[in-house]
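Once you scroll down, you'll see the structures, which are given as structure tokens.
Shared between the two complexes below is chain A, which pairs with chain B and chain C, respectively.
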Partner chain A sequence: MAVTVRIPTPLQRLTNGQGEVACDGTTVAGILEDLERKHPGVRERICDEQGKLRRFVNVFVNEEDIRFLQGDQTSVKDGDEVSIIPAIAGG
Partner chain B sequence: MIGLRCRECGRVYPKDVVFVCEFCFGSVEVDYDYDGIRRVLTREAIASRPPTLWRYRELLPIDGEPSSGFHSGFTPFFRAERLGDALGVRELYIKDDSVSHPTLSFKDRVVSVALSRARELGFDTVACASTGNLANSVSALSARAGFKRFIFIPADLEAGKVAASLIYQPTLVAVEGTYDEVNRLCAEIGGKYPWAFVNINIRPYYAEGSKTYGYEIAEQFGWRTPAHIVVPCAGGSLITKISKAFKEFHRLGLIGEPRTKFYAAQASGCAPIVTTIQERSDIVKPVKPNTIAKSLAIGNPADGYYATKTALESGGWGEAVTDEEIVDAMKLLAQTEGVFTETAGGVTVAAAGKLIEQGRIPRDESIVICITGNGLKTLEPLVNRVGAGVRIRPSLASFEANLAEQLASAAARPSQG
Partner chain C sequence: MGLTKEEIARYSRQLILPEVGVGGQERLRRASVALIGAGGLGSPAALYLAGSGVGTLGLIDSDEVAASDLHRQLLHATASLGRAKTESGAERLRALNPAVKVRTHRTRLTAENAPELLAGYQLVLDGSDNFPTRYAVNDACVLGGIPLVHGGVVQFRGQVLTVLPRRSACLRCVFPEPPEPGAIPSCREAGVLGPEAGVIGSLMAHEALKLMLGFGTPLADRLLVFDGAASSFRTVPVRRDPACAVCGDHSTIVSLPPASAGGSCVQHSQREW
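Our next item is the complex of A and B:
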């Protein structure tokens, strides 16, 4: 079992059209590194040159926004779900 | 409309279903051929058109004829002398979308535009994630336009707002979570099903409708812009679009250069934008909302960054108000100007009052307060807070006994035997 990463539509062409990718890692940062290894180019889309998540990218671990947790140091374990969602909220 | 462009990195996209920049995830915005529009859209042309939001058609993102919102927009704009006196200011105006047709909130503007564009893009099903007003508007306008419709709301929304959506018989989905969770779910559903989520996958078109609130203020104020404007902030889009509207009118030569200062108004139980403004930061930290102003209860505002910029770059500011202050302000507006606004309007009036008291908004310059929704939509917060009438028996004696105080100042008419 690994961690399931949900990929938003705009990124799916970098993951061969897959909306879900299984990744390994113990933190969100580690998961994103593994995602980049499996699908090169993804990280550049969601992180800036300093490696920080771009302003308009939200990451959730099991439906909790990581900004309420430990940011990219939030720990993850087997069976967890990490969702990458563009920041669109209003209405 | 010529296409879409990323607000962050400037990448250009065709005028299709694109809502996020593929490269940097920034939001995309509609771009126009302003030189072409300038030749057509004059003050006279605008003034000659019907009193609806479509009088500014060329500045709205549709290719053909509008297919929604035939009576929406062009709401009242008036001088508020009694409220001005109460707040101690000389020149106060209210822009009143509490009477917007058909669903009594400014959402009718953005939905009219979204549905017209959705039709052009070939959708047969529309949807939205809503804190209430948007749900009402999409339910109503999509019924009239003949779309299949799915409405997603937080399950704890005010009963009035829920019934006001169900009456139009959409498929209503009550999600057990916060608005932010509803929104996130809808982003995922929109990626899977071919539906036009008005505030998600066709958001760039939808958001443009808010500009009409600003165009109307400029036109109704006599083709000029106020010195100060106080705007309620939920997702943060409205304040940025009013600013864009003023700038576009200037670019088209319709008004002089706008120098309006923009002020964000939020509830203290959900004030991520005001906090960012007051910290002069450029990172909006999300919060978990806890306020009676449910229509502003968006803890993770998509346009928070741009809303902050709009306020700070204009020389404006932002203020947050407590739930008590919100209800007091709703009463004040009703008692002074006869306008019954929902909690979001209370937030705006209360924030304006605070900013005036603080000296941030001067007392002798023009000020516009933005009212965006009707009070009948949020009756729950008023229960036990608006007092009660006087209860009497049906007799003159009972009347006079129970209202002795009020009658002391009113003289009785001579008896007519």
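Our next item is the complex of A and C:
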């Protein structure tokens, strides 16, 4: 088992159209690093140059907002689901 | 006051719902709802709210109808190409339900004009198409105590969030700052399928009716996420952020336009259903 990362539609063109990617890691930061290794270019859409989560993107671990947990140091384990949810403006 | 025979006939299918009834229908008739954007989301939302008998609808939009709108903006028609969306929309809504008062505001909502534009309304639906407007709407609604139903759609993803000012998460609680231009694509850049907008716009109208009629559980502190490719819905819990710039405990946005641009204070008043 690994951690399932749910990829939002606007980023799926960077993950070969996949809406879910299996990643390894023990923290959200580790998961995002693994995601970047597998699909280069994704992380810079989610994190800024300092590696901090961009403020129009939310990351949830099993439906818990990581901003109310330990941020990108929030621990994850096998079987967890990490969702990346960006803001949408279209109407 | 009761309902007229015509109202009873027109609204019969919703009147028989225990959650509506005569009392609920009268509440709808007294209600005034502003729709930011008379486009992809505003179209289904406005049509359903007009059809339901909401007394006053305000359409706020500065655009004209373009051909590329017609695949999803069902409020408009080929015959209205080039016309102001507010006028085209008002005409369509009045044709659907002549009893609805439609106010048109042919203007682009900004942080400067938002408080005045929204002051006469009890509920706001944000179906705009850009981040600056969305954050201005959010801030004005929080500061003005006006419940807000926020909806967005692009490609195959949609989202809906209901904001009960200072009680539930607002847009900034969930997404503290807008992206820089170009970071998140618009419908023009990335595309969208018509029914995607239909789903989200209809959900927005549905939320509005739930709030006005006082039944069910609003999408407050819950962000609804729609994945159109998988046809799946999920809700993720969100919450008011004590550090939120506009509704937090030590908010820095206390008036519009923001203090750095200068501006007058907005009276904070809570409007409850």
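Quick note on the criterion: the second predicted complex is superposed on the first by the 87 of 91 C-alpha atoms of A that agree within 3 Å, B and C clash if a C-alpha of one lies under 4 Å from a C-alpha of the other, contacts with A are read in each partner's own complex, and residues count from 1 in each chain.
Just so we're on the same page, a contact is a pair of C-beta atoms (placed from the backbone, for glycine too) under 8 Å apart; a residue touches a chain by one contact, two chains touch by 3 or more.
As the structure is a computational prediction, the values presented were derived from the model and not from experiment.
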item: Partner chain in contact with A:Ile85 - chain B first, chain C second, else both or neither; value: both
item: Touched partner set for A:Ile46, first chain B, second chain C, both or neither; value: first
item: First (chain B), second (chain C), both or neither touched by A:Pro8; value: both
item: Shared chain A surface residues [contacts with chain B and with chain C]; value: 8-10, 19, 45, 54-58, 60, 63, 65, 67-68, 83, 85-91
item: Complex contact set, residues of chain A against chain B; value: 6, 8-10, 19, 45-46, 54-58, 60, 63, 65, 67-68, 83, 85-91
item: Complex contact set, residues of chain C against chain A; value: 37, 39-42, 126-131, 134, 151-159, 171, 174-179, 183-187, 190, 192, 197, 223, 225, 227, 229-230, 236-239, 241
item: Chain A partner contacts - residues on chain B that touch it in the complex; value: 8, 19-20, 22-27, 107, 128-131, 134, 179-181, 183-184, 187-188, 191-192, 198-200, 203, 234-237, 283, 285-286, 288, 298, 300-303, 305
item: Parts of chain A lying in touch with chain C, wherever the complex brings them together; value: 8-10, 19, 45, 54-58, 60, 63-65, 67-68, 83, 85-91
